[in-house]
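Consider the two complexes below, in which subunit A is the common component and subunit B and subunit C are the respective partners.
After this line comes the complex of A and B, so read on.
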């Protein structure tokens, strides 16, 4: 952890702006909130030599790591940094720890599950599976379907090179996002390769497995840097993966390497925006849709490049909304004791979507999609999947 | 209420309260008077270091020996008041290494355990330190809370039957045939005067001891020596940090609860009430401290303050850092023939219990009481313990002060200020310096104690002004921004300047 990170507690003026932006505080009054759990308690934790956690630290388990507090702070304090660090020190109930460990390793289950998707998907619905999941503290809700699909990539060598990092959700649950991203990048003149990297580590970070996430970050960083040296740009389509590579890795591995990495990470639509390339033609626009800004996209501080493109090219009336957290926060909403809270946090978003009577919701984040479909019954799609339909046919 | 006691103790610092406790535990009927609140003089205005004695081993071996003995006793009897952080002495490449050998010899003579630690190993534990460490040793220093210590002494003395009057000033002595017969007191809040008869007076007025003695026509030469200290927002090191060199300015860092206290300076001053730090003094300190903690100037300062060391100067003695840190018991009968009064001067907080013992031994002897001192055998306790609480119960979040603690802090007080509460609870001592807890506390007491609006407003206004005083010398960077937020809340939202009105009182 870098000195700068550790010391940013000195910048907190206690103004409580972060507190007003925390979706958990708004729905669960017993939650102490980012100001108290973050910079405030950190001073007192230091006073204990940082060793034994406070009783009140147990509340850290309720932090969704949405990072809305980080953006809210007018002084650049990152409460989520302290939350993550201290969550990793909690002991907690062993059964919940086991459950969290399972959820944190979604990459393994994804790898296995997507081998024979039909069997996995059947297994996930099987009453006995549901029962045993319930026993270890997994919420009784729909799991994402596992899917396997071969991605078609052009072998043609080009000057512009993109290493596309799909992330777990697209890889194991919705491979059409990968194909869409590859097609869009190729249409923009890129030679595309798929990143041979594993999970970005976000689920581990959120579940307090900081050490393991750190090792993974180190391994991934080395892989990415090798490609960067060869002139590749690293492209993501998952908001959380993008944020992890840009921000989380810098906290976990402060130094030259992560700095070099973060300068070469791009969201797919961020780079289209940057390069001004529009390989799309806008015929037959969709009449109306709703764009939900994922918290981790907001935290990247790049605006809403996908929504801007959608509005220009594919959708006549696009409602762009960044006020709400959907409440799923990766694995959070899959936990039995947090399920109701997760749905309560998402409540205002679900209501807004229902009231706007849209047939389609668009969002960049895989788990936001699961939550919104679960909460509204409205179809949700990734912007790449939508925009792929508007690629110029001449290409 | 009785207006005659056997002994009146003057001064509510560590020494005075220690004396009161010692008297009480020997069954001597006593009263302590203090012109302000407990520990508002030097006992509340120092670095909070419980010396191991290692700082004094080269120049003042006797003092060092007393320190280590008391250090061991106090850690045993006052765990509520002491955090046994341990301490370290480090010498950097710019320091004179021949001093290190002298120092080691001194520590050995005084019986202070030192453990050498390699620079590399120490930096792993204390990453804020300079990489230029040449020699480093652990010593048994600790952090002590002067406010809690004085209050814990009083709590113990109260249980044994002693009385305390705070905000009560000694305005004169009743002398008969060159013997002290009583003390004239004035309540600073009500202005009411009274006479309390006594057989003996122990003057433990610290930096004010000379002024007090003068009321009885006695002369004590106290040279008030001002020391400036600053408070950083968080812990910089986990152990007390000392510069291994002849004692000088800016060479002690004490991790104190959630903050770090850093100091000190040493300058002669004209008045014991000179307790304001200037910006220039703070900047000098920071320059000096950067030799040990390179990033010091970038760290957030929340406050600066000064205390006045009560250095006793017998005719022709040394002043400032050259003066002895030993204490002296002055039996006035030996100099002027005045019976019934002794003064305890000099010394330091670490040796307060020993000073009390020596003073009470003499006075008890004169009163014909032969009970021995037992202050080293019984524990003392903080009157307001810190316990865990649920979220939402904290009224001051910076320092985790609960409503229950606020109740306990004013339990037997008819009148109080938020500063009195602060000294017992740490209310308002964190980075926001009372910005968010002052209005909450004033509101809470308005409700729970039925304070009139005007009285609650006064609590609020006085506290904000008091906090502001200590911020003035460090108004740059984050603390300047904090002060602007404070200004916005109190002058803008709450219109503090017009808060005097009591028209809403029912």
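After this line comes the complex of A and C, so read on.
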């Protein structure tokens, strides 16, 4: 634990503000909540030398790592940090461990899937596969479709360089996002390269495979730093990848390297906002849409740059909502025992979307998209995919 | 992006400033380190409960007492705000509270005495409509404790109330039979009481306690979002009146106000970035040009024409107590009293001097130098517990000052174009 995090522990005044912001507490009363699982238990752990786990630790499995507690705390404590750290020490049932491993290695599924999309898509629908997934504890829900597509990138050398890190979801399930991001970056005058890095590690972190995630983080950091040294900015379009590179890596590998890394990680729309470049023209606006702010975007402290752009350029009436967690939290909602809870957490969001009577929802996070489509039946798109249509034609 | 008004702080003062600024159609952003103190406070908005501060008798007409205070204590935030602006903020809040679906009521001419968890009676001015019940002139009172809720003892509260009201007050325990394997707080209970089966259990137990035609005092756990439904169902089914008593944190009544207010502001187009302290500022020529939060080793700059500083007091972390001074955290504004002086008059009867410490302002709520009265930043307006020269706890004026000063700061920040006055 780094010095800062230890100090944070003393800042907890037990006001329970975080407790009231936890979407799991609101839907599953047995969950002790961030105050108790985080700072309170950590104090106890420190007092007892941090050895023996507590019975209550099992509950850590139910933390979705949404980080709503962290940003709510008036005193700068980050309860989710302790949750992640201590979740990694859990033993767990072996079957669930296997299932969590499968889900944590979504990149592995993704690779196979996108190589032969038709096979996987068929396989995931095939009853026997679904049954066996059920046996290992994967919820019977719609899985993302695997898709493969060639990305077209300009070879032209430019002063401004962007290394675009697409992340698993865009890479394997929705390559249109990659093309859209590349096109937008190029329109902003960037020379774009695709990052040769694999998964960011978020699924491993939330499934308690901290050690493995740490190794991955180290590997990725080295790759990114090489590019950073050559003047590249690292651009993400997935809120969870972005947060992992900015924050989670700094927890796993505290030090100079991760600090240098996080300074150079940008959300695509964050960098547009920062540079004040608007390569868009506001033609035919979409009448109405709903922008769901992913929890992991909220936790980045960059506001809602994509939504602000959408509002200015593409959408007449845009409802921007950050009050709700969609409930999927990456791989969480794919677990059989958490499926119902995950849908319950998303309930208020689904209801708000339905009541808004929008034909379109926009969000930056791939798994939020899956959950919202599953919960509402409304089409969900990535802001880059929408905004790409508004790029100025003359470039 | 350029904002018209940047509000720093997400407590009642910040929300009130954002409300005022957005009412005049301005582009507003609220930036805050975390949520404000409402989640710990009662949700009642006390304007002035005790005046003079040494008086032990509650103020019955806060409007009149305020007029007196404004004349007598020219440095007090209320004197800086002015009676007219206080009334304006009062009305604006009532209107907004109706629109946000959490209607508040009250009058600047009357304080209502509200029971606390220990059975004290404290004066308050603005309260949720559902709490408009007069304990003093009420019918028979029954204090109800809920077994699952620690830290509320109905007999103790009843005994204290009995003493003050001079009449017999009954107390009962009800057991909801909840067993979730952990200690429940008021927020948890409020969640469960939104479930029809558990609500019915409560109604059944209350029926057994014979509460018909009585005033039931019960800890504020009657629903987080659907409290109106829960309270009216109990009242209708049992033909009784229900008054919730604020609890220890997390305070459900404060939660309801904080959440509804925030959602309301969002629907009005106010943006929020919560979770990071403002830790960068750029000021030139007595103007604040931009502020910033440091997220991920990088400054995210937020630019506005005008700023409201509503970062709270020592508890809210807008003021920090260091070994030999008190510091204002964002702009490093001078603080009215040094701690040495404070310690010297620690036994001052006017109240706890630490809570008197804060940023001194002029009538435009611009920060001024305590010695020279010169304006330090012309486009920054200060509100809430960050202000100097009052004691919210002794006077019982915390949320009132936050609401009224926030509102005035928001109005002025929206207007803009200020120099010195």
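The rule we apply is simple: the second predicted complex is superposed on the first by the 392 of 395 C-alpha atoms of A that agree within 3 Å, B and C clash if a C-alpha of one lies under 4 Å from a C-alpha of the other, contacts with A are read in each partner's own complex, and residues count from 1 in each chain.
Rule of thumb we're sticking to: a contact is a pair of C-beta atoms (placed from the backbone, for glycine too) under 8 Å apart; a residue touches a chain by one contact, two chains touch by 3 or more.
The structure displayed is predicted, hence computed values, not measured ones.
**Student:** Tell me which partner A:72 touches in the superposition: subunit B (first), subunit C (second), both or neither.
**Tutor:** Only subunit C is touched by A:72; subunit B is not.
**Student:** With the two structures laid over each other on chain A, which partner does A:336 touch: subunit B (first), subunit C (second), both, or neither?
**Tutor:** Once the two structures are laid over each other on A, A:336 reaches no partner at all.
**Student:** Determine, under the contact definition given at the top, whether A:160 touches first (subunit B), second (subunit C), both, or neither.
**Tutor:** In the superposition, A:160 contacts neither subunit B nor subunit C.
**Student:** If we overlay the two complexes on their shared chain A, which of subunit B and subunit C does A:47 touch? Say first, second, both or neither.
**Tutor:** first
**Student:** For A:301, using the defined touch cut-off, is the partner it touches subunit B, subunit C, both, or neither? Pick first, second, both or neither.
**Tutor:** The answer is second: A:301 touches subunit C but not subunit B.
**Student:** A:25 in the overlay: touching subunit B, subunit C, both, or neither? Say first, second, both or neither.
**Tutor:** second
**Student:** Look at the residues of subunit A and decide whether subunit B or subunit C touches more of them.
**Tutor:** C
**Student:** Contact-wise, after the overlay, does A:246 reach subunit B, subunit C, both or neither (first, second, both, neither)?
**Tutor:** Only subunit C; A:246 stays clear of subunit B.
**Student:** Contacts for A:257 in the overlay, against subunit B (first) and subunit C (second): which applies, first, second, both or neither?
**Tutor:** neither
**Student:** Just subunit B (first), just subunit C (second), both, or neither: which does A:17 touch?
**Tutor:** In the superposition, A:17 contacts subunit C only.
**Student:** Counting contacts the way the document defines them, which residues of subunit A are shared by the two interfaces, the one with subunit B and the one with subunit C?
**Tutor:** 14-15, 29-30, 32, 36, 56, 75.
**Student:** Where on subunit C is subunit A touching in the complex?
**Tutor:** So the residues of subunit C in touch with subunit A come to 1, 29, 33-37, 39-40, 180-182, 184-185, 187-188, 191-192, 224, 249-250, 255, 263, 266, 271-277, 293, 295-298, 300, 316-317.
**Student:** What part of subunit A is in contact with subunit C in the complex they form?
**Tutor:** It is residues 14-17, 19-21, 25-26, 29-30, 32, 36, 56, 70-76, 246-247, 250, 259, 262-263, 265, 273, 298-304, 308, 320-323 of subunit A that touch subunit C.
**Student:** Mind listing the subunit A positions that touch subunit B in their complex?
**Tutor:** 3, 7, 9-15, 29-32, 35-36, 40, 42-44, 46-47, 49, 54-56, 59, 75
**Student:** Considering the complex alone, what residue numbers of subunit B touch subunit A?
**Tutor:** Where subunit B meets subunit A, its residues are 127, 233-235, 238, 255, 257-259, 295, 298-300, 388, 390-392, 394, 397-400, 430-432, 435-436, 478, 481-482, 485.
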